[in-house]
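Right after this note come the structures.
The two complexes that follow have subunit A in common; it is paired with subunit B in the first and with subunit C in the second.
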Partner chain A sequence: MMDALTLKDALFWAFAFLTVGFGLMVTFHRSLVHAALGLMGTLLSVACIYGLLDADFVAVTQIIVYVGGVLILFLFGVFLTRRIDDIEVSNLSVNWMVAVPAGLVLLAVILYAVISSPLPMAPVDATGPTVEGIGNEFLSRYLLPFEVLSVILLAVLVGALMMARRELKPEERD
Partner chain B sequence: MDLTFLLMTLLKIVLICFVFAMILGAILTWGERKLSAVVQDRIGPNRASILGVTALGLMHPIADMLKAFTKEDFVPAGANRFLFAMAPMLAMVPPLVVFAVVPFGPGPDFVIAPLDTGVLFIFAIGGMGIYGATLGGWSSNNSFALLGSLRAAAQMISYEVSMGLNLVGIFMIFGTVSLSNIVLGQGQLLWGWLPMWGIVVQPVAFILFMTASMAENKRAPFDLPEGESEILGYNLEYSSMRFALFFLSEFVEIVVIAAMAATLFFGGWQIPWVDPQGTAGGWITVGQVAAFVGKVVFLCWVQLIIRWTLPRFRYDQVMALGWKYLLPLSLLNIVATAVVLAML
Partner chain C sequence: MLGNGASLAYVIPEGILGVTVALVMALGSFKPTRTRGVLAAAGIAGMAAALAATAAGVSWPDGTVLAFHGNIVSDGMVAVFRLVFLLTGLLTIVFAYGSDEVDTRDFGDMTAMIAASVMGMCFMAAAADLLMMYLAMEFVGILSYVLAGLKREDQRSSEAALKYVIFGAASSGVALFGMSLLYGIAGDTSLAAVRAVLVGHGFEPLGLMALVMILAGLGYKMAAVPFHMWCPDVYQGAPTPITAFFSVAPKAAGFALTLRLMDLLLGGIDGDAGASLGHGLAVLIGLVSMATMTVGNLSALKQTSVKRLLAYSSIAHAGYLLMGVATIPAIMGPSPDYTGFRAVFFYLVIYLFMNLGAFLVVTRVVTRLGSDDVSAFRSLGRRSPLAAVVMAIFLFSLVGLPPTAGFAGKFYLFYAILSQGSAFFYILALVGVANSFISLFYYARIVRVMFLDKSPDTRPVPVGALAAVVLVILAIPTILFGIWFGPLVDLAGWVFI
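Right, the complex of A and B next:
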């Protein structure tokens, strides 16, 4: 007989290590395609941690948006780039003199935020369905941020289209 | 979470994923050949036999399997060996995982994981099927395979959008995304006699959903990513069991689509007017599970018929259909459903 808490803890640590491991792969693998796959591993492990924390909606949305959408478009772009498999050019570490201090500063800020914020450490016992609650909150209390975000995304979409069109125009004139 | 629970879950996984889905998928390869033969006025496969027993050609899936296992496992020069081996698995696993949330009968005993986010889970996992096709084509180190995988990625991403939006009407009517609760909701009666099945209340969504999901599955008339008869596709360099995995994953996905359509649009395990709450037990429960399996088999047959009836689209037509027709129609369907629900 296995105690439920220890099984959950074991899974949590396993996924935590997977997240970090895949994250290192993203950073250090020389091939861009492998780095993208490492990113897939990271995103999936994070989704599994969300699932373990009973945040099923967040977990599923994470997979739909990032693994099923964003990352595929990443790969799509990478495949269309020339010489991506050439390890000499694809995923080089450039400007590490700037990158390392910047990373350390970011790490410090995040650590400070995590340590100083009062996170509830007690387990939440009432973990029922979350979808309905999230939907209701979006369309009542958080309606304005929700709508503003959708308008921003729409603007991004239109902007991307404009930029793509502008690059096409000179060719059409020929 | 005790040991009996884990063992029961394991048993359900084996029964549903490997016995039901895989075997139905294997039988579908036979069904497709026989059906195509009937459509084209031929006899179809009938010669493979064990000790003289041909069983209408049912021995052919077994012969296929033996062939796939014993053929040379070829890896092209310059291929990325790791990804080349990974891709067929990435294609095979998501359609099997999706069965975790499909309710085969009333109550929690007939579903592996009765997730509250059921349909969203299916989209999340099903969306990962793109990786198999995409990485398979890229890792083969072959330009034709790469082009095929680009076609696959673009097509699957495009149709995933409208596939998801089609179902919003269903969510609005039944007020839930949990598959078990949607099935329960379909047990209600409209005007006291008409079963409130998804296809009755959302007929447009059903047609759009079937179109989008068949495009998602890359089968004719949307088989441009592989174009097996002439244009070459992402699985071009694959042979033996690796190719068989790609091939079988497509047929398992037919079962997935049929199971989803049966659950969302044909009342799942509901038998009209009989025990809508699924509490009767006994032979009625057996009948309800049988009803679900029957609906799945029927919807598989529908997909095979469509595949052998329609010619292939051109690629620009596939894209135009996805973005210019299916997507606006799904949005219109949502608006119309909202207006009707608001007036009621």
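Right, the complex of A and C next:
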């Protein structure tokens, strides 16, 4: 029989619904700014789910990087882009006749696969802060990915500069 | 499994590339408008050093070594793919040096990005961990987006970059979703752990779905149908030397990673669970292969831009190569047979020479005549005999006509799939042969235009001394490997045991 609904389960379901609800807002709202606000709700709810899973480091990173960084950049991008006079340009319904059935089929396949496959459900005895463990892993087992990631970030930086520099060129010539 | 310190000996070529990137960037910050030659020399020297080190056996262990706590593998396959990527990167810098499509101001950054991208590809061929796989793919992807958008003030180039980013982001997301599912199943990111779960109790259908999602992300790198839509626009919009690079290196890296993934997950695997998964993937890849070559060849027929035509031709070639990947059932079981995988490597090496050669001719024509339209190639046989003759060799090799290397490559691929001995593979081979026949029409059209059509402008088109030398260097293996392919076959056989 079903176990009693613990507080943790209740919180999980609450945040899960919030995540999906805000996600729908991102998907369907016509206004870019409202979609961005919905994205903030989604990201925060996901951070709460991470918290419930005892993944404190990931939860905090999620808030700092995504809510505090990416989302704010996104909003600045919307506000500072001159060409967007009318910001009601998000989510234009193009090709929905194809997209909706394709999406539903994909959803059905994923649901079927997830439900019919036995996933390991062992409880993780993660208690206490995870930062130390993550730090140790990064500098031992995952050192190479960690270093490669730093090179990738450098490449992104240089690439973004190259792309952005293009706008300045005509002024330089004058 | 080696720790981090001891593993450094197995990434020396990547280290050389890292130093090259830093050096070129530092040099590029001094008067970038005057140092094009210096930057090209530094980039070429770095690539050549890494190439020489690899060829001399540096970081090339006899057996298989798991380095960096199992994040990467070092073996013969990594080493030979390093050679492929490094050679392509080196030639791209040579092409770009003589092309006016890359602004001198950007030349240093471009050289650094090509070197960094080659480094990422080496990691793609070596990845033995889901995290490393993903990072290496993103590495190559992000650099490609920037390289595609190199031509400033060119709307097509910007469009190419944007399309590349959007398609790339979507396909990375799909692949990452697949990887997260595999991680969920295995509880560990290493492919060895995923394989252990697979051997233990199989994981259909979730594992199959996860693998299909990862293959979709890789299919985008290889430009396989139905993930090919970005390819013609990106190839047409990017500067021609960069297009040449895109048409060979990331594609080869996508194949390297696919072969690596299939080998680590299914190579020599026993038991029904793995076998049914492998057969399912083989049929799927076979079907994608048929679709890829057919769509690529049929779309190429009506192209008037040679860059676009070669883009569709490269899609078709991804289809031929996928035939070799589809031989997954052969690598499973107690006596694995890697003939199909060898054929893929063999073909990739030949493809490198013939495709880069064809693109070098296009690069020179675009630089001299300012157009890559088929009409720009009229009378090239008289206006620039060397370029036209070698172009004809490269194109006939791309068709797969004897005695060129393309014929040997196709022959090996068809041999590999026919030796599978099942009806599905016979059909696959039949589709492959039919497609090679179709491809004759559009390649031969360029040859006809070059030698038979009259151009109103009959002034000679000088290719330049450096380009002429490189063209001859590329044409030699394109013919030689068609006649004397023994050493290359031996190398392929030695790498995939």
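Everything below uses one rule, namely that the second predicted complex is superposed on the first by the 132 of 174 C-alpha atoms of A that agree within 3 Å, B and C clash if a C-alpha of one lies under 4 Å from a C-alpha of the other, contacts with A are read in each partner's own complex, and residues count from 1 in each chain.
In the analysis below, a contact is a pair of C-beta atoms (placed from the backbone, for glycine too) under 8 Å apart; a residue touches a chain by one contact, two chains touch by 3 or more.
All of these numbers come straight from a predicted model, not from anything done at the bench.
Of the two partner chains, neither subunit B nor subunit C is touched by A:Leu106.
Touch criterion met: A:Asp56 reaches subunit B, while subunit C stays clear of it. Once the two complexes are overlaid on the shared chain, A:Val20 sits clear of subunit B and of subunit C alike.
By the document's definition of touching, of the two partners only subunit C reaches A:Val148; subunit B does not. Legend: residue contacts after superposition of the two complexes on their common chain; A:Ala10 is shown touching neither subunit B nor subunit C. In the superposition on chain A, A:Gly159 makes contact with subunit C only, not with subunit B.
By the document's definition of touching, neither partner reaches A:Val70: not subunit B, not subunit C. Once both structures are placed on chain A, no subunit A residue is touched by subunit B and, in the other complex, by subunit C.
The touching residues of subunit C, counted against subunit A in their complex, run 4, 7, 18, 25, 68-72, 106, 109, 112-113, 116, 119-120, 123, 129, 131-132, 135-136, 138-139, 142-143, 145-146, 149-150, 152-153, 161, 184-185, 187, 201, 203-209.
Residues of subunit A touching subunit B in their complex: 1-2, 4, 7, 33, 37, 40, 56-57, 60-61, 63-64, 67-69, 72-73, 75-76, 79-80, 85, 128-132. The part of subunit B that touches subunit A in the complex is made up of residues 1-3, 80, 83, 115-117, 120-121, 123-125, 127-128, 130-131, 134-135, 138, 146, 149-150, 153-154, 157, 160, 176-178. The touching residues of subunit A, when paired with subunit C in their complex, are 109-110, 112-114, 116-120, 140-145, 148-149, 151-152, 155-156, 158-159, 162-163, 166, 169.
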